[in-house]
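Everything on this sheet refers to the single structure shown next.
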Amino acid sequence: MILWLTFAALAAAVVVLLLYPVFRGGKDAAGRIAYDMTVYRDQLAEIGKDAERGMMTPEQAEAARAEIYRRMLAAEDAENTRTAASSRRGMGRVARIVLAAFLAVGVPAGAFSVYAALGSPSLPARPYAARADDPDIIANTKAEKLAAQLEANPSAAGYKKLGDIYFLANRYDEAAAAYRKETGLAGNDAAAWSALGEAMAMANDGIILPGARHAFAEAYRLNRTDARTRFYLGLAEAQHGDLRRAVAIWRDLQKDTPKDAPWAAMLNGHIAAFSKQGGFAPDTIAPQPPDAGK
Amino acid sequence: MKKVFAMLPVAVFAVLVGFFIYRLVLIDHGDTPNLIPSVMIGRSAPAFDLPPLFDGQPHFAAKDLQGKVTLINFFASWCEACRAEHGFLGEVKQAGIRLIGIDYKDDPKDAKAWLARMGDPYDEVVTDADGRTAINFGLYGVPESYLIDKKGVIRFKQTGELTPDVIRSQVVPLARELSR
Amino acid sequence: MKIRRFFLLFLLGIAVATAFADTARAVLPDEMLSNPVLERRARKISEGLRCLVCQNESIDDSDAALAHDLRILVRKRLLAGDTDAQVKQYIVSRYGNYVLLKPPFDAETLGLWLGPGALLLFGAAAAVFFYRRKDGVAETPRLSGEERARLDALMNGGQGGGENAS
Amino acid sequence: MIPELGHFALILALFVALVQAVVPMIGASRGDRAWMGVASSAAAAQFALVTLAFGCLVWCYVVSDFSVLNVAQNSHTDKPLLYKITGVWGNHEGSMLLWVFILSVYGMAAALFGRNLPPTLRARALAVQGLVAFGFLVFILLTSNPFLRLDPAPPNGMGMNPLLQDPGLAFHPPFLYLGYVGFSMAYSFAVAALIEGRVDAVWARWVRPWVLAAWCFLTVGIVGGSWWAYYTLGWGGWWYWDPVENASLMPWLAGTALLHSLIVVERRDALKAWTILLTIVTFSLSLLGTFLVRSGVLTSVHSFAADPSRGVFILALLAGFTGLSLTLFSIRAPSLKGGSLFAPVSREGGLLLNNIFLSAAMGAVLLGTLYPLFMDVLELGKISVGPPYFDMVFIPFMTPVILAMALGPMLAWKRGSLKTAFARLRISLALAAAAIAVFAAFHVSWGVAASMGMAVWLFAGTMETLAERTGFLRAPWRETKRRALGLPRSFYGMIASHAGIAILIAGIAGSTAWQSERIQIMHIGDSVALGGYEIKLAKVEDGIKGPNYTAMRGIFDVSRNGVQDIALHPEKRTYDAPPRTTTKAATWGDFPHNLYAVLGDPDPKGGYVTRLYDKPLVTWIFFGGGLIALGGGLALLDRRYRVGAPTRSKYAGRDG
């Protein structure tokens, strides 16, 4: 609420600022020629100074002055023709009211509607210092401690946590090692296998080697709905050159993906990009789940 | 006259923008402006005579290229992209093309271990320890592959990884034509 | 958790793309030739050859592995008795003109080499055209009496405006 | 809330920019004072909103709010506060926001200091400025939005490229942008004048301070960047003819030409079409630089950071702003009346000569930068155009400019005499000839001797000009002092800038001619002789902890004739996040020497690779560059650019 009130106040302040000249009315100022004359007078004064300093002979100074005088006369001519020619004087009251209405309504309305499309009003700011209670942060600083504890007292949940910490710290090799321990301890845990595969892939700059592929296959065997597993199985196909197969798997995943899923955009992007690379239209590919057998 | 001169800047600028648009269109169509075509295409493979990776096997030299269509694949165990490419090399061999691997600036121990782990699709693997042969081929980096005809002339070069698409649509058809 | 992973993959993609190499530079002591004259020639040649895998750097400035190999090659060729031109030709025969930081003068680069001169000629022609122009007034004539009167009115009328520097 | 507030302020700024672009333009064409008045208040609102948005982004960086994608990608909690702040513009999105922020600062300045401008011209110029802001805000919001959020926030950021963690690189982009964007103000005036159909001596005076300010900032930015490259990139170079550098040099050359042609317009009412064209070209080159650097059309082999969608957008902006203004130019230029004539040998003639050569040099740089692209698009093959080409074309083009630079100020306006000018410069002529003879005798190449001769010629000539104007030694001391105090500041600005160029040339010539280098493996205790100094590797300390890096530091003791002078401490740093290694050279100068030491990797067989250079006079390059910018600053303080607004006079009321 405070957020919206602040926005409204900001928009209102801007509107007031924009409307000020509209309602202040036209205070007459000097005409164009007065501005020109100011400069020409200044130039004349400079010539005087130059001549006085001996930078110009009196004749040169006189010629230079004559040039400026001519420009002054020309400016006056221009002013007279312009004044005679321009018949329109201002925009009138109605136009001014229309303008004021547009400024007062159009500007804030436009800003709010664009913000509605681009902004994330529901997300609070997350300054680092204010995240002292954030479990991730605490965990991150205590990763070493946790690793030591697990050494003495291994547990699947502990390794999962450790793997997550390493993963988020971009330490993928260590994350993979922790998840591998987790898969060993947890038995048939699809999420653990999937996390392992992802960590291994990330450790190789996103390339899914046989080891990682095996982990994903294992995860898929245990759970056929997990989005992450299906996404990476598709990616593996793509990396093996079978773009049609990859797109088929992703389109299958797309069917089960809610529109507002955070990865929906990325998934659609992958489908579009890989279809383009493969030179086919995505909708010519029938959705197909990954092979369970592999 | 004056008018023509006044048009000149906007005309020059329009041509310039035309170039930029065309370039961006090319990039958008998958043309990678950064790839430099090899000047070696259509020329005989440079002279070389490289020692084998595995002890006891023969050397491989430029003269051995005669009589058989060959794909020379430069790779290294330390190269990330080579891993991605490696799985598809089998297709090349299946198509009846002789496949020679040149292990580029690598520790033989690492290369052997790598081939043991990833599989060894090559007919022969030789080593280019100091990278001199690679430079003679005009190599930018690994992986790169050169398709060479029966007379030892370079016919095709792939800078970067061989993808299944490149193998199927370019390498195999060209090799077939060349073997005739 | 899952959500975050996907975003991280996205982040990682960007990080990999913008990563670039270490900046420790160029020629290493063990590459250098003991003969200072040959070494100086080698450096000179290296400065004119492009590092093929870098952005706009000569192989003399680059620490890329290929640049290192090319520097050694340049020195080997020099030791073998090649002239500077032969060394360059050797590398051009492998990598094409792209490797030369100073492009050769040929049909394709005609515009590049003659362009600057053409621009200057165009400028000179425009200047000549400008100086021979007739519609300007060579010497400003004195003001006529009528003009002087108008001017006086103008100057005095505008008395209020002026040289009040703010 | 802070990140969202910044986002909203930026979006609001977009609509204010639209208002600023449209309403005053209509107002000016209809002569409506209220509608025109919206220009100033919109510029003020624009400034306030973009400042707010920029401040919000800075705040996000300072407090490490990783829920903001841009912060998560480019910052890290370990970074020192300074680099958290400068990290804001160390990436594409943030730097575009800085761009728009600076644009709004100029708009505000024009609204505040523009009271000496006729209302219609001011309204139109601000409207064009609003249009530029609108284009860039759309670009930022659609393709480069720095306020996109991340949920949940990652525990830490990805860090910042360590190369950017340096005061030199932290502060030179803002100056470059102040330069690039500053030229947008001149551009806006040019377009406004074309719309009005009035370009005259008065217009030139109104525009000149904006051009001066932009030019000054751009000079500082380029010199700062060059200085940064010198001491961080680790091999003592300071200019590489890289496309990024060319992108800043081209507007500088055009801007320098513009600065001089404006004088002719102001004095003679001549060269008007050319000056307008140059104004458009200068700003377009700033945009072109942005396009080339950020679109990826020019990047080379292993770079894949380019984003074609951004490229398309910037190209559209470039095509829009430049195309529209050039079209307008082609319609209006033929009707611009030529002013009074001047002889080829005259002050104006000198300025015109300067314009021709500077523009041709700028064209040559542009040609060299784009030629590989042309060849590629036309499928004529791939070539590289590098430093040897640019040196070959640039130096011959600049030589006449420098020779004329000493001569020009000695020529009379309108019709000068070469004989008189040379007679007044006889001391400079003699000194230059002596310099060439002395340097040639010291077995340096003829090129270096000639460059030194040119530097002496220009410096002495500039000093002689100063002496001439003040009557130094010819008039009584009291008279000299009176004249010196009476000379306008812009004159002193010219003296400082021209002298700066002389010093810069001497620095370039000296550092190339007398550079010496030693590259070797040194063990602890080894000594190397260089430039009359004895440089000993005393020790190497490893594991030195910085705020966010670990360094290996070499301690070199430098002694001369057995007396120890100073110690050099180059470092090799490995940053924590992201883990990357950078070199930090150590430099020390004692006229004329400049020692430069770099510590390389340890050798497997023991010892360390070290690179030691002596670059005599190299600091003169940066000092000269600084003096050039200072000259611009002095000129900007000239009282004639602070002419007040006219008060109501008998002409008042005619305008509405």
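Going by the order they are written in, the chains are A, B, C and D; count residues from 1 in each one.
By our rule, contacts are C-beta pairs under 8 Å (C-beta built on N, C-alpha and C of every residue); 3 or more make two chains touch, one makes a residue touch a chain.
Everything numeric in this text was worked out from a predicted model, so none of it was measured.
Looking at A-B and B-D, the interface holding more C-beta pairs in contact is that of B-D. Centre-to-centre spacing of subunit A and subunit B amounts to 38 Å, using the average Cα coordinate of each chain. In terms of their C-alpha centroids, the spacing between subunit B and subunit D amounts to 43 Å. Chain geometry summary: the mean Cα position of subunit A and that of subunit C are 33 Å apart.
Computed centre separation for the pair subunit C/subunit D is 15 angstrom, with centres defined by C-alpha atoms. The set of subunit A residues that touch two or more partner chains comprises 30, 33-34, 37-38, 42, 63, 67, 168, 170, 205, 262. Under the contact definition stated at the top, the residues of subunit B that touch 2 or more other chains are 36-37, 140. Multi-chain contact residues of subunit D, defined as those touching 2 or more other chains: 116, 151-152, 154, 158, 299-303, 340, 374, 382, 643-649, 651. Chain contacts in this assembly form a complete graph, since each chain touches every other chain. Put simply, subunit B touches subunit C in their complex at residues 36-40, 46, 105, 130-132, 134-141.
By the touch criterion stated above, subunit D contacts subunit B in their complex at residues 273, 277, 280-281, 284, 291, 295-297, 299-303, 308, 311-312, 315, 318-319, 322-323, 326-327, 329-331, 333-334, 370, 373-374, 376-377, 382.
Within the complex formed with subunit A, the subunit D residues making contact are 1-5, 7-9, 11-12, 14-16, 18-19, 23, 26-27, 30-35, 37-38, 40-42, 44-45, 48-49, 52, 60, 63-67, 77, 116-120, 141, 145, 147, 149, 151-156, 158, 198, 200-202, 205-206, 266, 268-269, 340, 412-414, 469, 471, 483, 486-488, 640, 643-649, 651-656.
On the side of subunit A, the complex with subunit B involves touching residues 204-205, 207, 209, 239-243, 276-278.
Touching subunit D in their complex are the following residues of subunit B: 2-3, 5-7, 9-10, 13-14, 16-17, 19-24, 26-28, 33-37, 140.
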